[in-house]
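Encoded as structure tokens, the structure appears first; notes follow it.
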Amino acid sequence: MKKFFKNFYLLLIFLFLYAPIVVLMIFSFNDSKSRRLWNGFTTRWYVELFRDADILHSLYVTLLVAVIAAAIATFLGTIAAIGIHNMGRRAKAAYLTVNNIPMSSSDTIMGVTFMLLFAAIGLDKGYLTLILAHVTFCTPYVVLNVMPKLRQLDKNAYEAALDLGATPHQALHKVILPEIMPGIVTGAIMAFTMSIDDFVVSYFTAGTTSQPLSVVIYSMTRHRMTPKINAISTILFLIVLALLIVINVRQSRDEKRREAARRKGAMQP
Amino acid sequence: MNQNLVDLQNLKKEFDGTPVLRGISLSIKRREFVTLLGPSGCGKTTTLRIIGGFEQPDSGDVFFDGKRLNDVPPYQREINTVFQRYALFPHLNVAENIAFGLHIKKLDRADIKRKTAEMLELVGLRGFENRDVTSLSGGQQQRVAIARALVCEPRVLLLDEPLGALDLKLRKDMQIELKRIQQRTGITFIYVTHDQEEALTMSDRVVVMNHGVIQQVGSPTDIYNEPVNAFVADFIGESNIIDGVMLEDCKVEFCGRTFECVDKGFEKNAPVDVVIRPEDLKIVYAGDGLLQGVVESIVFKGVHYEMMVRTQFFTFMVHSTMAESVGKTVGLSVIPFDIHIMHKSAEAQA
Amino acid sequence: MNQNLVDLQNLKKEFDGTPVLRGISLSIKRREFVTLLGPSGCGKTTTLRIIGGFEQPDSGDVFFDGKRLNDVPPYQREINTVFQRYALFPHLNVAENIAFGLHIKKLDRADIKRKTAEMLELVGLRGFENRDVTSLSGGQQQRVAIARALVCEPRVLLLDEPLGALDLKLRKDMQIELKRIQQRTGITFIYVTHDQEEALTMSDRVVVMNHGVIQQVGSPTDIYNEPVNAFVADFIGESNIIDGVMLEDCKVEFCGRTFECVDKGFEKNAPVDVVIRPEDLKIVYAGDGLLQGVVESIVFKGVHYEMMVRTQFFTFMVHSTMAESVGKTVGLSVIPFDIHIMHKSAEAQA
Amino acid sequence: MKKSFAYPYGVWLAVFILAPILMVVVYAFLNADGGFTLHNFSYLPGFLPIFGRSFWLAFLSTAVCLVLGYPMAYLMSRLSASRQSLCMMLIMLPMWINFLLRTYAWMSILENNGFINQFFRSIGLISFLQSHFGYSLDYIPLINTQGAIVLGMVYNFLPFMVLPIYTVLIKLDRKLVEAAQDLGAPTHLVFRRVIFPLSIPGVISGITMVFVPSVSTFVISQMLGSGKNLLVGDLIDLQFMGGAYNPHLGSAIALVMIILIFICMWIMNKFDDGSSEEGGLLL
Amino acid sequence: AEVLNVYNWGEYIDTDLIDRFEEETGIKVIYNTFDSNENLYSRIQTTGYDVIIPSDYAISRFIDENMLQPLNYDHIPNMKLIDEKYTHLDFDPEQKYSVPYTWGVVGIVYNTKYVDKADIGSWDLLWNPKYTNRTAMFNNSRDALGIALMYLGYSLNTTDKDELREAADLIIAGKPVYQGIWMDQILEKLPSEEIVAAPYYNGDAVTMIDENPDLAFYVPKEGTNLFVDAMCIPKNAKNVSGAEKFINFMCSTEAAMANWEYVGYSSPQTEVYKELDEEITSDPLYFPDITQYPTEAYTNLPTEINQFYNDLWVDILT
């Protein structure tokens, strides 16, 4: 009974989170531009979508920037986390405070300050500025996901590797990285998601050839949002959903296997 | 100095302004099994870490086979370590853990396989190759850690309380196992523990430390039978430590009486620590002993009973295979040979 | 059954299909200090958790003061627990940790204050009221955990290896402390350990467990001197366990010879375990003993030397205060009283 | 492992975080001609209602997020490992849909003739209210209310409340729960006296990560609210992107907001006993 | 290949035209969109576009701030196809810098089912308490205050602060009537009958009426804003000749016609007007008859007045 209520609660929250998305997905098949009045089923937005080079390009930009920014952020954030982990209390606190700023300051301020900054150092807006900005607000998520894994790490694991003849570089690769990998992966996924989700910062930092989807969507608001956008979002969403399901299924299979192995291990003398 | 494999010369180390090592000098010979023994926080791990290269001494030198080692990074030292909580790599299985150092050295696959198999054999873990290390019991993990270090064929193996996390039974078994491995491989072991029985059982030489200072270095029997001060006496087995005054050579006064003893060379009327082991005190009839007291408590310890006997000046701990009833008045006797006279230790004076 | 405070009746428990408790029945009297002793994984913690209410037995009952307790949730049991790694609340200071249970009971402030102060006094932590628990040493944390449980005035206190994480010296001190507290408060203690010396030192009764089965229940001396089977004998102190055959009452054959003994009532020619404690074997001149062997190794253990003496059939462990040189041929003697004959234990038969 | 690994990121932070913030400070004290002025700050008293409204709405949305998110995090932390990661993913997944689109969808749901009101009408709720309670409208007002704005914020920021609390809760030692039960605490007291106090660092991170973006949010108030009242985020947006392009005034407002937020956070952190080493926000 | 950067409002071009232009000229067009003139203003400071399509008052501001190049009409022969009605307006009196792209007026879109005939015809409808909570106002200081100014009978480009103040107070007075102060939401909320009347541009009124035939459009008798979005070449353009080709292309009859069909905003191109049905060209929705009521185009305002607009707007929305 209790369990039922718990599951019911989770269900309600997820209903809340997904209700608008379902609406959006349904109306990507609506035979009019209205996002609320149903005019019959059509797939024409999907058809048109694949003819709309601009929207496709902006999706490409979004994904490209997200991949690059997440990759850089993951690298930068991981080594930074390792460095910060080894710092004294004060330096650590200082780093983490600054690290927290992007997460706890408004997007608008960040976007504007980036714009001012890039103008000040004479950097033309384009992929570079976009990626720099994205890396900046993505990296903190990586740092914060990797730090706890480092804390969980056996203090001596790194030294054990050195002790066995590994150079610091090898120790990092063969011991530390595999150990903190779950944190890195979560961090990377979060960074990637944040990059995809961002609109304000991109808005201020994107160049002419590098307008991500969110900026394109926003510039449509003066006139009329085309349902093609709903269509592309639906596609994107379903792909990611499928991906996540695959990952999760694999994960739970691994978990079961490991559990089984452990039990078998415990029973042997 | 030539036959010494490891030479520590006046190592000093502070952490945050607190001195942790106050000048450690120690020579360790080839094939020796040396144990660092001391209470928690006395600097054992720090000494080991300096030898391993994980910590730099503030001053003093580490020599290895006659060469100064201070600036050699850990991964270039022919020294391997078994860490206190094993520090196994959880993402690797048993065989991969053991083979780690060999992979680093880029040995060819066949060699790695062979050596790993040999090691598994040595530590009695054949058949465990593909097991997840996290699924092993404490003792098994311990053995993997040892195998992982030994397979690199170090000239010195450092072991930091390797048995600390194991239960008593298993600890005893592993003590024997470790000693056997040391004898078979002929590798120099530097071993850290705070368990004096472990130290006595396994070592060729024991180094007793306290507060970053070496108190005594010697064979287990030396240390046990001739502790240089009350700290060592008390730390190595339980002791009755009584304040006394050395009246003259072979004559010491304590508990309001004068006793004969075998120690000489103290100043006249020097205050000293008198150390008597509980098992050296004999319970005799009330009138017979030099001292007289009342049995205050008695506890069964298996091999013997432990009794607390209160005399006028001091409550003695006495070990005896015979039980006395609580409240009984008994006499205590001790032979002069078992009365150990010691200078007041720095510890006690401070 | 009336004067029993806790009664366990045929408790059974499985985890994932593996039986962990296979029918534990045990009665514990008021004011008793009972210790569960056994190797790792034998089910000690599980038994304790069932008494505490954190685990439900698959079958069997727990009675407390004559009432069935199975379905009473932990927070309604007059039982408190000292957890293995203390489980202190890190967000509360020392005094708040101790007062936790009192706050839950909604005592008034003055009472809480008074009782907390008394407890701090009892465990020797006066002046530590406002200290952060994480800043305490292991021994101090231990004492806070005990105080926190005791202040609730439980009728039974469960202690799960409370001293497991402490170092040897501290462990000894805390053993005495705990015993003192138990005697002063008169609370029933159910204590879990895998350290047999600890069990012998502290307990009124010891319960030896293995593989989820109680092997023997008895006073420390009973357990030590009259183990019912080889497992108990081996687990409680080191033993030489030799296969033998009971020829007739008081006559046993092992190592190819016939010995006199004091045990009776075995079947004729029944195979038995013969147990001889290392300290009960005396080294005599080669010709004099009943057995003859060669000293294989000798280890200094402080109070005594431990020697392995290889005879034709068996290698005996011998404890002696005199050292013999390795390789020497010696005789071994043992008096009939020290030869313990036991039925083959289930363990050994399996 | 070296601390020098953090230096590149240190430089990065200096260039891309600290330098821009410095520029905001500088801008706030300049006029359009580049001269020093305090004039930009003279507007601020007039913005007081806007600040008040923003902080109030942010407070509400943070409170709602906490009330909804805590049980969510708690329940999640009790699931099996694979279920947990599934839930994590499901919480993150909506972020893959553009936030404007999601908000538009909420409009469709909440409007006077939107899906919810259509539903109410179809089950006869509205006519029931009208006939029995003299209700005058033919819809339940949902959109264009402060409630709708709060809903929009909660919808967007809920994950940032759930995740940090969840991470603290999964690290919580089960033994402490048992210890509390052992000392006589029934379930609700175990929660109040042990679980909740120990999860405070996560709660504080969650509050920070919801409150800050809520205070500075814009667009949501336009889309789900009536747009008749500005929020600080809109005000800043107006200075930088809207009608009277005035980055100096915008910077001044932004600066004041940053300071206010820092003060709020500082007060919040007073509730944290500092045991959450590293003051890490998330995770 | 030759590259041309074009910066236009979102959803404001038939994208097929870009493909056609690329085919014809071999120039690669990089097409970006913006959502407000202010944004355009800040963006072009730092980004080099070749063709931009701002609105009237923005053009006037760009001219004042010397950000546009004078056009060489020799390279834009199709300029002659642009109706003179829409040239030499206040924002570019000498018609040196811009080529009109679309034009239109602001009027009121209302739902005939709910709004009484008697109530229409004037800006008054936006203050009519009968429609409380069922109308909306523009969320844009220039347009909103513009409506109030016209209703009051003042110039759209007034710099008289008292007049502006009065206009602002008028909007404040209207606030209780509006369901909301919005821009693009109006596009949705009128057809879905969330609201029954709101000001909007005639070009968008077309799509709204398409969607919900109960809707209708009128231009209030007090007069309105005639707006023109026009193509310009910024000073920092890199590809001027390409930009000229693009502008010329967009003015061709074919392109203008296709674009008209797609965007729905009135075309300033004479041939388009001629080719269309009488039914359409006479419909004030498609081609408002700007001779019937006073019209005025926006011009750039002095910084001080812009700032004052800002202050008033914040006041209104506080």
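First chain written, first letter: the chains are A, B, C, D and E, and each begins at residue 1.
Throughout what follows, a residue touches a chain if its C-beta (ideal position, glycine included) is under 8 Å from a C-beta of that chain, and two chains touch if they have at least 3 such contacts.
In UniProt terms, the chains line up like this: A, D = ABC transporter permease; B, C = Spermidine/putrescine import ATP-binding protein PotA.
Predicted model only: the values in this text are computed from it and were never measured.
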Open item on the list: If you apply the touch rule, which chains end up adjacent to both chain B and chain E?
Closed with: A
Task: Contact-graph separation of chain A (ABC transporter permease) and chain B, given in steps at minimum - done: 1
TODO: Please indicate the chain closest to the centre of the assembly, with centres calculated from CA atoms only.
DONE: A
- [ ] Could you please state the distance in Å, as a whole number, between where the Cα atoms of chain C are centred and where those of chain E are centred?
- [x] 90
TODO: Give, as an integer number of Å, the spacing between the C-alpha centres of chain C and chain A (ABC transporter permease).
DONE: 54
TODO: State, to the nearest whole Å, the distance from the C-alpha centre of chain A (ABC transporter permease) to the C-alpha centre of chain E.
DONE: 38
Task: Separation of mean Cα positions, chain D (ABC transporter permease) and chain A (ABC transporter permease) [Å, integer] - done: 18
Task: Touching two or more other chains - residues of chain D (ABC transporter permease) - done: 107, 111, 113, 240
- [ ] Among the residues of chain B, pick out those that touch two or more other chains and give their numbers.
- [x] none
Task: Where chain A (ABC transporter permease) touches two or more other chains, by residue - done: 35-36, 168, 171, 218, 221, 225, 266
Task: Interface residues, chain E side, partner chain A (ABC transporter permease) - complex - done: 5, 7, 9-12, 15, 19, 30-36, 42, 45-49, 183-184, 187-188, 191-192, 204, 207, 211
Task: Residue numbers on chain A (ABC transporter permease) that touch chain B, as the complex places them - done: 154-157, 159-168, 170-171, 174-175, 178-179, 258, 261-262, 265-266
Task: chain D (ABC transporter permease) contact footprint on chain A (ABC transporter permease) (complex, rising order) - done: 6, 9-10, 13-14, 16-21, 23-24, 27, 35-36, 76-77, 79-87, 91-93, 95-110, 112-114, 116-117, 120, 132-133, 135-136, 139, 141, 143-145, 147-148, 158, 168, 171-172, 176, 186, 189-190, 193-194, 196-197, 199, 213-214, 217-218, 221, 225, 229-230, 233, 236-237, 240-241, 244, 247-248, 251-252, 255
Open item on the list: Quick check on the complex: what are the chain E residues that touch chain D (ABC transporter permease)?
Closed with: 36, 38-39, 41-42, 139-142, 175, 178-182, 185, 188-189, 192-194, 303, 306-307, 309-311, 313-315, 317-318
Open item on the list: Going by the contact rule set out above, which residues of chain B touch chain C in the complex?
Closed with: 39-40, 137-138, 167-170, 172, 194-197, 200-201, 219-221, 224, 235-238, 277, 279, 299-303, 306, 319
